[in-house]
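Down below are the structures I want you to see.
Look at the two complexes coming up: chain A is in both, with chain B in one and chain C in the other.
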Partner chain A sequence: MIGSTPPLLELRNVCVNFDTMAGTAQGLRGVSLTIDRGETLGLVGESGSGKSVTAQAIMGLIEAPGRIASGDILWDGRSILGPKGKALAQSIRGKKLSMVFQNPMTSLNPLMTIGAQIQEVLTRHLGVSRRQARERAIELIDMVGIGMPEQRLDQLPHEFSGGMRQRVMIAIAIACEPELLVADEPTTALDVTVQAQILDLLEEIQRRMNLAVMLITHDLGVVAETCHRVAVMYGGQIMEDAPVQDIFNKPCHPYTRGLIRATPRVDQVNERLWSIEGMPPNLLAPPPGCPFMPRCPSALALCETRPPSIQTGAASIAACWNTQTTYHSEPSHVRTP
Partner chain B sequence: MFAPPSPSAIAGDLQAQERLLSVTDLGVRYAVPGAGFGQPQRYFEVLDDITFDIARGETLGLVGESGSGKSTIGRALLRRIKLSSGRIDFEGRDITNLEGEEVRQLRKRMQLIFQDPYASLNPRMSVGELIAEPLIVHGLARNRDDARDRVLDLLDCVSLPRTTIDRHLHGFSGGQRQRIGIARALALQPAFIVADEPVSALDVSVRAQVINLMQDLQRSMGLSYLFIGHDLGVIRHISQRIAIIHSGRIIEIGDRDSIYQRPQHPYSRALLAAIPVPVPGGRVKSSVAAPAGSRVEVSRSLPGCRYRARCPVAIARCSEETPRLKQVTPTHAVACWQH
Partner chain C sequence: MTKFLLHRLWQGFIVVIVVTTVVFVITRLVGNPVDMALPLSATDAQRAEFARQTGLDRPIFEQFVTFVGEAVSLQFGDSLWQRRPAMAIFWEVLPNTLILLLAGIGGAIVASLFLGIFAAVRPGGLLDRAVTTVALVGLSLPQFWVGLMLIMFFAVIMKVLPTSGMGGPAYLVMPALTLALPSLARLTMLVRSSMIDELNKQYVKTARVKGMSQSSILFRHALRNILVPFLTLCGWELTYGLAGFTVVVESVFAWPGLGYTAMQAIQRNDPFLLQAIVICISFIIVIFNIGLDVLFKLIDPRIKIG
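And then the complex of A and B:
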């Protein structure tokens, strides 16, 4: 924060509401996040926790009845929301800021060749000629590990397997050399052996292009393997935000701990699974305090009030009154007057 | 009611009374449309030579990728699709060729839990009606009121409040709907349940609740499960034995610890190596995974092992002869020429 360069992307206290017949559903309730260049941030949470809404807010995909009720989203220190941010938003979305969706079966146009779909992005955003676009498309297809790129370019999506289509989606997403790639459950629909290949591909592309990646997933294994930093969401709020090692080795929030313990693992056997009793909060009437309080094994009376984000490490925060570690900044971080 | 989970072997040393279900050389094939007049009909082999047993009170986990035929095995056992070959014995009786009323009676003993709790239950029916339906269909209750006590018991069984009996499905979460699906499957007091990806659509915290519930019910009612899944963490947790299926064939079957600690088939190894472990730096990226950019399928009409095109240790014999399951230890068998 003290540094001079602003983070690549910053969300400041973003609230998203959906006006429904039953009332206003609060999709995001004050989400603050940052992503730096070249960093992979994992956004973890269960359905309804707000992880996909966060991605949609960043991508400008919140449509009526949803609306960004308050807060700000900054790209390189400048707002991309509202009338003032409109020009900047239009110039970066789809270009410097791109997205890969969960289902590669439905995100491609079944009537257009793969090549035409990649070239469309290039001609639209970069204004290159058709010939240049085709050459670049061949490069991209090759880059995402699809063999015989020139022949494959003229094929239709149904001629590709699920993993191959996701590779095509990644090729489209990186076509304009983005700085941030938002990937919303990119491997959830794929088999595990294919998932491993796609994750390896994303990692390789990220290193090669110094790309920042926001990886949305519910799979803690995927997070442990690919992310540098993890933000855990619950009930439309960030519960914990810390480097990946800390999230798994010394989780501070009771929800993070519960999530890790409730995940059955291939490398160990427990007699009985730890389970978090109860259900996620109703977003139409979320509890006023900590959203996890009704299910929390260590809830206090204090938890009726929304906890602030408490510093739990040099780069870690947890929104909990009860965090187990009290962070004292290292002497080197303390400035002497 | 209580039957202790029995440590069982693949074949041979299971006692007849312990064995609930046994499947021998089961095959299912679909006719490929488009054969011209006078040309021989072509078939797609969905399942080939499927052989396994399930003991009373036991869970057999069935793992495989999409399209491997794992759901088809479940449907074949329940006699919901036509078999092209093989034999199924259930509770000491050959059920392969049962028809009509006999199949209906069989359904009291074997039930199915579906993956998607949103799509598998009728939203127009109340919870009470949904759970009472199998009782009424099978003549165990005359109407809904008659079944009410039984339905309330079932709600207790799956830890849903008794007050939910008159409510409709909307407003229930995925986990609660899956509990309703389980209560409905239990209504006829089956001995065997095919659970087809029952927790795949559920969130982590709720998934753990449903898995624990299924295990509790198994212990108290002596149920056997065929648990179909693709999440190897869940499968390891819930199963006593595990079968791995690839391209319509069981390529490895054995007790849980053997499969996870000493997988023998190259495909099993690739599958286990591909799973991300929730420990940073946990998975050792290995070369056993399939080569990038390929999903090589070996035609199912050719002889030989169907994994050979992706297999790092394939030999000439793999494309000439089909390997059959062979015991490597008394509780572990693998279909690979390298063993």
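And then the complex of A and C:
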């Protein structure tokens, strides 16, 4: 995992707090993650688990009342947080690091032509002329599968369907040939058929541009098909981080197992859908130990204290006291968070 | 677009007809214009002679037809007060009011954009609270009082500005300021609140992850989206400025514009001058609003027309 070159993006123990009237809500509670070049990382977990907050922290979108309370985010080994990281963050955002949002219907400026919205990224980051930007925008629109690119460029977003708008968002995101694309539930707001098209498009672009993708989703089926590695989040923490085969074939964390079991399957008919008992933790007063403990079927007394990230495989970790009893008999290397 | 324009012109025509009728009814049927124009001591013979000269002795329907004809050709007869065509007076004082409107409301429009946008960048921040407070004060103070206070401070105590009347640029400062204050307050509050709304929208987040600069986000992305409500209020301010606020401000500062002249026409029992001013202002407002609608369509092509 630790090679000679630093990973493309690394989160080190990132904590994000939101100061609300009711108190401080802990959105992220010490998240550590890495993404390598060309890798697709799936970030899964239920609503409120901190997936989107992680994406926002990476993109520098955390605004008051939220703040990154501690930890660091490194791009190619250099921090992009705080006053020191500001210059680097500005130089990569929109250029080497880009993002696609969940709702394509509201993500585009309703009063700017599609062309203008693509071209402004190009003129800002690549310093190209207006004409060059327009030519490149036509190429991009074509690349994401929108017909009649030249006419479409002069249209406004309301003349596009949801799926088409998401294609435009992807065109904007890949305009400057980024190294990392953060896709925050890019298909949640779309029809099922359009979802598949958008995911295919993302996969094709990822292969063609050797792009690293951080795919945030609820959909484990999508993860199984597209991701190399999966990080499972719960209560603002990473529960398990492992290669995709391991997540599905030998999940180490009880929460991961619950999540997989709760996924509806085509071959199980006439059965009630299984769900994990209980409710997600209150982020205003999260439990001091493992956040999943109150709902965990295999909880121990030890779970009252926060579990460390335990190495469960060559490139796998799980934050659980009880992993080795189920899958690993030999004592594992223990990393403190 | 042509269909839209014809439709709006037709609507405007109806508005003008209604205004003309209302003015006619008020000046001819509510009270007797002969009594208004002549002194109490006038004899019956003098009254009859005056009525004959001005056509006020004709049947009311015939008077109405003549009146509409006059209104359409912008001929409203002679002013009783100045003994010359009412339209000549109108054209003479109109530029004075336009100067005042441009300096006052125009200044307020430009200033409100900057104040509102900078207040919206950090809602609840120091600048935002300062701007909101000043705007609230500006909204609460009546114009005639502000005008008098300005005169007392700058003209009487400091002796740096002339009290009233029209002359060099110095004469414009206080009337324009008085006219601008409530408009500036209203416009700033609108810009601030609609800008805060826009800056929280998803497309602004998109612009941020695209790495666009703050000025591009504010002036290129968000500003265009608040233009329709903003220009609607600008239109309202200019309309009310022309047809209302200037009456107060011009009277306080004896600024020889439309409002001041209209007040004089009322005080001097001059129905012909007054109806000329009222009807011409309504023409201007109708044309101005059609222009605004065309502008909206250009800004936001999604607006359905017709």
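Criterion: the second predicted complex is superposed on the first by the 318 of 337 C-alpha atoms of A that agree within 3 Å, B and C clash if a C-alpha of one lies under 4 Å from a C-alpha of the other, contacts with A are read in each partner's own complex, and residues count from 1 in each chain.
Criterion: a contact is a pair of C-beta atoms (placed from the backbone, for glycine too) under 8 Å apart; a residue touches a chain by one contact, two chains touch by 3 or more.
The shown structure was predicted, so the numbers you read here are calculated from the model rather than taken from an experiment.
With the two structures aligned on chain A, chain B fits next to chain C without clashing. Contacts of A:N103 after superposition on the shared chain: chain C is touched, whereas chain B is not. Applying the stated contact rule after C-alpha superposition, one finds that A:I172 touches chain C and leaves chain B untouched. Of the two partner chains, chain C is the only one that A:H125 touches; chain B does not reach it.
In the superposed pair of complexes, A:Q90 makes contact with chain C only, with no contact to chain B. Put simply, more of the residues of chain A are touched by B, taking chain B and chain C as the two choices.
Residue contacts after overlaying the shared chain place A:A196 against chain B, while chain C stays out of touching range. Contact with neither chain B nor chain C is seen for A:D72 once the two complexes are overlaid on the shared chain.
Once the two complexes are overlaid on the shared chain, A:M279 sits against chain B while remaining clear of chain C. When the two complexes are overlaid on their common chain A, residue A:L61 makes contact with chain C while staying clear of chain B.
After superposing the two complexes on chain A, the closest approach between C-alpha atoms of chain B and chain C comes to 11 Å.
On chain A, the surface touched by chain B in one complex and the surface touched by chain C in the other have no residue in common.
Only residues 201-203, 205-213, 216, 220-221, 224-225, 299-302 of chain C touch chain A when the two sit together in their complex. Across the interface of their complex, chain A is touched by residues 65-66, 173-176, 203-209, 211-212, 215, 230-234, 236-238, 256, 260, 270-283, 285, 289-290, 292-295 of chain B. Note for the complex: chain A touches chain C at residues 59-61, 90, 93-95, 98-99, 101, 103, 106-112, 120-121, 124-125, 156, 158, 169, 172. On chain A, the positions that touch chain B within their shared complex are 46-47, 145-147, 161-164, 167, 191-197, 199-201, 218-225, 244-245, 248-249, 258-260, 262-267, 269-270, 272-277, 279-280, 295.
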